[in-house]
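Each structure below appears as structure tokens.
In what comes next, chain A is part of two complexes: it sits with chain B in the first one and with chain C in the second one.
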Partner chain A sequence: MRRARIRELRVMGYYVGLIVVMLSALMVIPAITSSIQREWPVAVDFFLSAGLGATVGLGLMFLAPEGARDLTWTQGMVTTASAWLLGMMVCAVPYYLSGHWLSFLDACFDVMSGFTTTGLALVQDLDHIADGLNMWRFLLTWLGGQGMVVLAITFFVRGLPGAFKMYVGEGKDERVMPNVIHTARAIWFVSVVYLILGTVILTSTSISIGQAPGRAFLHGLWMVMSGWSTGGFAPMSQGVVYYHSLLFEIVTVVFFTIGSFNFSLHWALWNGNKKEVFRNLEVLAFMLTSTVLVAISSWDLARAGVYPTVVTLFRRGFYNLISAHTTTGFGTIYARQFALEWGPLALVAITIAMLIGASASSTAGGFKGVRVGLVFKSIVQDVKRLLAPEQARLAERFHMGRETTLDDRIARSAMSIILLYIAMWLVLILLHGGYAARFGWDLPSIIFESASLTGNVGLSAGITSAALPSVLKVAYLVAMWLGRLEFLSVFVLAGYLLKGWRKA
Partner chain B sequence: MKRPDKTGADLLRNLAGIGLEISLTVLIMLVGLLIAIFVTRGSF
Partner chain C sequence: MRRYGIALVLVFLTVALAAPGVLHAQGYSLNDLIERAAEVDGQVVTIRGEAVGDIMVRGERGWVNINDGTAAIGIWAPAEQLRQIRHTGRYGVRGDTVEVTGTFFRMDPMHGGELDVQADALVVATPGAAHPASLKTGRVVWALVFALTATLAVILLRRRRWEAM
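Up next, the complex of A and B:
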């Protein structure tokens, strides 16, 4: 029994080690960036960190002499959740060595924020960090958007038997194509095409607003990486405000909104299935909720005279609302302005937008529009059943790639996930409440910040900072991890550890 | 299994898909702009 368990741990360790080795290998990219920019100490930090990560990863792989084996569903989920945790620690080493993060916990926080495409940051003196470190921040966000496991399946785990179960553990339960490896490749194909297209457009935009070509290229690349992944990191502490450009804001809205679409939708549209855009439940739900929430917030902001003209309302009201709804987190106002300037109705609208989030199987967070649509349809179905004759058999259908009958199992699953997100939001509100008097936080700011964490958004009402108590930093970190992996694999990991501890 | 980037026709279909996705985001922005015009009574 004990021997079987050790063997099981070794097989899972093999996959975790493989992902850690992959992440360590990727440190070559920021190391090269730093070398080109002659940031020698940072380049050395990256090479040292890569060596450390590779040693840990290869060590785990060598512990499983039989190599890759098929995984059970439990093992797949445990492997994914563990890979995210160990990967976070390895990727945080160059941050910590740079001295721009006050502690290793802060460095881990920013890595998890990047991986989960949240965008909250504890980095110190962001405006003066090395380009290599910025490259690492944005690379982690971009990888996190697609998923680390997706990357591993595309380039490293090809042909290995446990791939699909790890893929599901990463919160993506759809196959864009029949085979999981081809699905992962399709995700990367779409992402790379948009990265190239977005970089060309945003670099040109940055040059047009006065940046030097080299700097414009780096900012263009980083902002597309962050925007497409619905991440929210920006290279300057002022965020999008730094660019002072309506054109820049319009281009970023385009890319982060597209990034929030389901990869299945991208693939359908890219292969000539144009009708999908008019029938897809997620697209319809997003159009409906974004219109209603933009209307509510705009009306409240205009009524209060916060942004009295069309252009300011569009740039400050619409932009931030859509940034919240797609769970991106780019802001065109400073953090405290949400709490100090936005009225209660506008704050409620943006909070709801952050909680709902965008599409399932996309780079975005939140409990996803499709689940709201499914619950709504399920309620409609129940009402219809009550109104119809008793012998009538009614079946509600929905379209997401294909027509599907809405059964109780699908409705229950959607409802459970929504309830888990709401429970996490409430727990975060309660946790903040415990420190509110000490830090002077008001309730609207707490509700806003907790929603931003729950939906992996990254907009802040000014609460998130390096001065947060460690307990809250850990709670934030866990919330980001839970939200991105959609609970299941983290719960399975917790259950697995508990089971192991009881047996020990 | 169809390869993602195999032929010229596939490339054209991909480009049309990108165009459609960009159009969708422009539509969302237009809705936002119309709402802004409506609630501010067209104040520029």
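Up next, the complex of A and C:
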């Protein structure tokens, strides 16, 4: 029994090691960036970290037994959750060595924030950070959006039977193609096409607003990486405000909205199926919730005179609301302005937007529009059943790539996940409450920040900072991890560890 | 002498009441401006900060972002004044510290509701300079050591695969 368990751990270690090696290999990109920019100490840090990560990952692979390396569902989930944790620690090494993060925990926090496309940051003196480090921040966000496991499956895993189980563990269960490896490649294909297109457009925009071509290219590339992944990181401390440009804001809002849609929708459009946009439950749910929430927040902001004109409402109200709803976290106002200037109704609207989030199987967080749509439809179905004659058999249907009958199992699953997200939000509010008096946080700010974490959004009311107590930093980190992997993998990992501990 | 003193105080108070913005807004940090935006809105302020990132000239005026360590905000200034700035803060460079006098807006109608300062005067108070970071020999050695261990691990892994085939 014990030997079987050790073999099991070694098999899972193989996949975890593979992903760690892959992440370490990717450090070559920021190392090259730093070398080109003559940031020699940073380049050395990246080579050091890559060597360390590769040694750890290859060591885990070396320990794996020879022969079949199939994974059960439990093992697939445990592998994914573990890979995210070990990957986070390896990726945090160059951050920590740079001196821009006050502790290794802070460095891990920012890596997890990138991986989960949250966008909250504890980095110090961002305006003087090396281009290589910025490249790493945005690369991690971009990878996190598509998924590390998706990347590993695309380029490193060929025909391994455990691939799909790891893929599902990463919070993606859509198969846009019959084969999971082809699905993973389709996701990367779509992402790379948008990255190239977005970089060209945003670089041109940046040049037109006064940036030098070299800087414009880097900022264009990074902001597309961050926007498409609904990440929220920006290369300068002011975020999108830094650019002072309506055009820049329009381009970014388009890209992060597109990025927040389901990959299967992108694939359908790619294959000429334009009708899917108008039939897809998730798109319809997003349109409905965004329209209602934008209307509520705009009305409140205009009524209170916070943003009295159409242009100011668009740039400061609409932009931030859509950024929250797509869980991007780009802000066109300063963090404290939410708490100081936005009225209660507008704050409630943006908080709801952050909690709902965007599409499942996308780069976005939150409990996802499709689940809201499914719960809404199941309530409609229940009401119809109550009103119909007893012998009548009613079946509600929904469209997500294909027509599907809404059964109780699907509705219950959607409701369970929503409840888990809400429970996490409440736990975060309570945790913040414990420190509120010490730090002078008010309740609206706490509710806002907790919703931002729960939905992997990244907008802040000014609470997130390096001054946070370590307990809260760890809680934030776990919340981001749970939210991005949609609980299941992390719960399975916790259960697996608990089971192992009981047996020991 | 006493009358002279009283007259001086009265003149001071008159000026203070006539131009409350200038006097009240002196000495604000950039974070203070964000925190007390409603109170300072529309007043003439004098602020200091390091010019960071890019100078984005747009016609006769342009943007520079300044950071005083508490926050960073945008300054909309005449292009000719922006040209005085030689260094902007970035990796390995400490930007020029500039002193800006201008009107603070909580919601600048000219710039789509942005919180910013429209500068009347901008001067370089302290010039910046390049501060290149130096290589640490210990880290170079560790990088080589890990490169070696990783290469060794690859060789061992491949060898085991060949043996298994």
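Descriptive notes on the structure:
Everything that follows uses one rule, which is that the second predicted complex is superposed on the first by the 501 of 504 C-alpha atoms of A that agree within 3 Å, B and C clash if a C-alpha of one lies under 4 Å from a C-alpha of the other, contacts with A are read in each partner's own complex, and residues count from 1 in each chain.
Just so it is clear, contacts are C-beta pairs under 8 Å (C-beta built on N, C-alpha and C of every residue); 3 or more make two chains touch, one makes a residue touch a chain.
Bear in mind that the values here come from a model prediction, so they are computed numbers and not experimental data.
Of the two partner chains, chain B is the only one touched by A:Val193; chain C is not. Of the two partner chains placed by superposition, A:Leu63 touches none, neither chain B nor chain C. When the two complexes are overlaid on their common chain A, residue A:Met287 makes contact with chain B while staying clear of chain C.
Within the superposed three-chain model, A:Gly51 lies in touch with chain C and out of touch with chain B [touch as defined at top].
Touch criterion not met for A:Ala466: it reaches neither chain B nor chain C. When the two complexes are overlaid, the chain among chain B and chain C that reaches more residues of chain A is C. In the superposed model, A:Thr309 lies in contact with both chain B and chain C.
Residue contacts after overlaying the shared chain place A:Trp40 against chain C, while chain B stays out of touching range. Shared interface residues of chain A (contacting chain B in one complex, chain C in the other): 309, 311, 313-314.
Contacts from chain B toward chain A in the complex involve residues 1, 4-5, 10, 13-14, 16-18, 20-22, 24-26, 28-29, 31-33, 35-37, 39-40, 42-44. Within the complex formed with chain A, the chain C residues making contact are 34-35, 37-38, 52-58, 62-63, 65, 67, 71-74, 76, 89-93, 106-107, 109, 111-116, 133-136, 139-140, 142-143, 145-150, 153-154, 156-157, 160, 164. Residues 24, 37, 39-42, 44-45, 47-48, 50-52, 54-55, 58-59, 61-62, 66, 97, 127-131, 209-212, 215, 236-238, 241-244, 246, 306-307, 309, 311-316, 332-334, 336-337, 340-341 of chain A touch chain C in their complex. Contact residues of chain A toward chain B in the complex are 177-179, 182, 185-186, 189, 193-194, 197, 250, 253-254, 257-258, 261, 266, 269-272, 274, 277, 283, 287, 290-291, 294-295, 298-299, 302-303, 308-311, 313-314, 317-318, 322.
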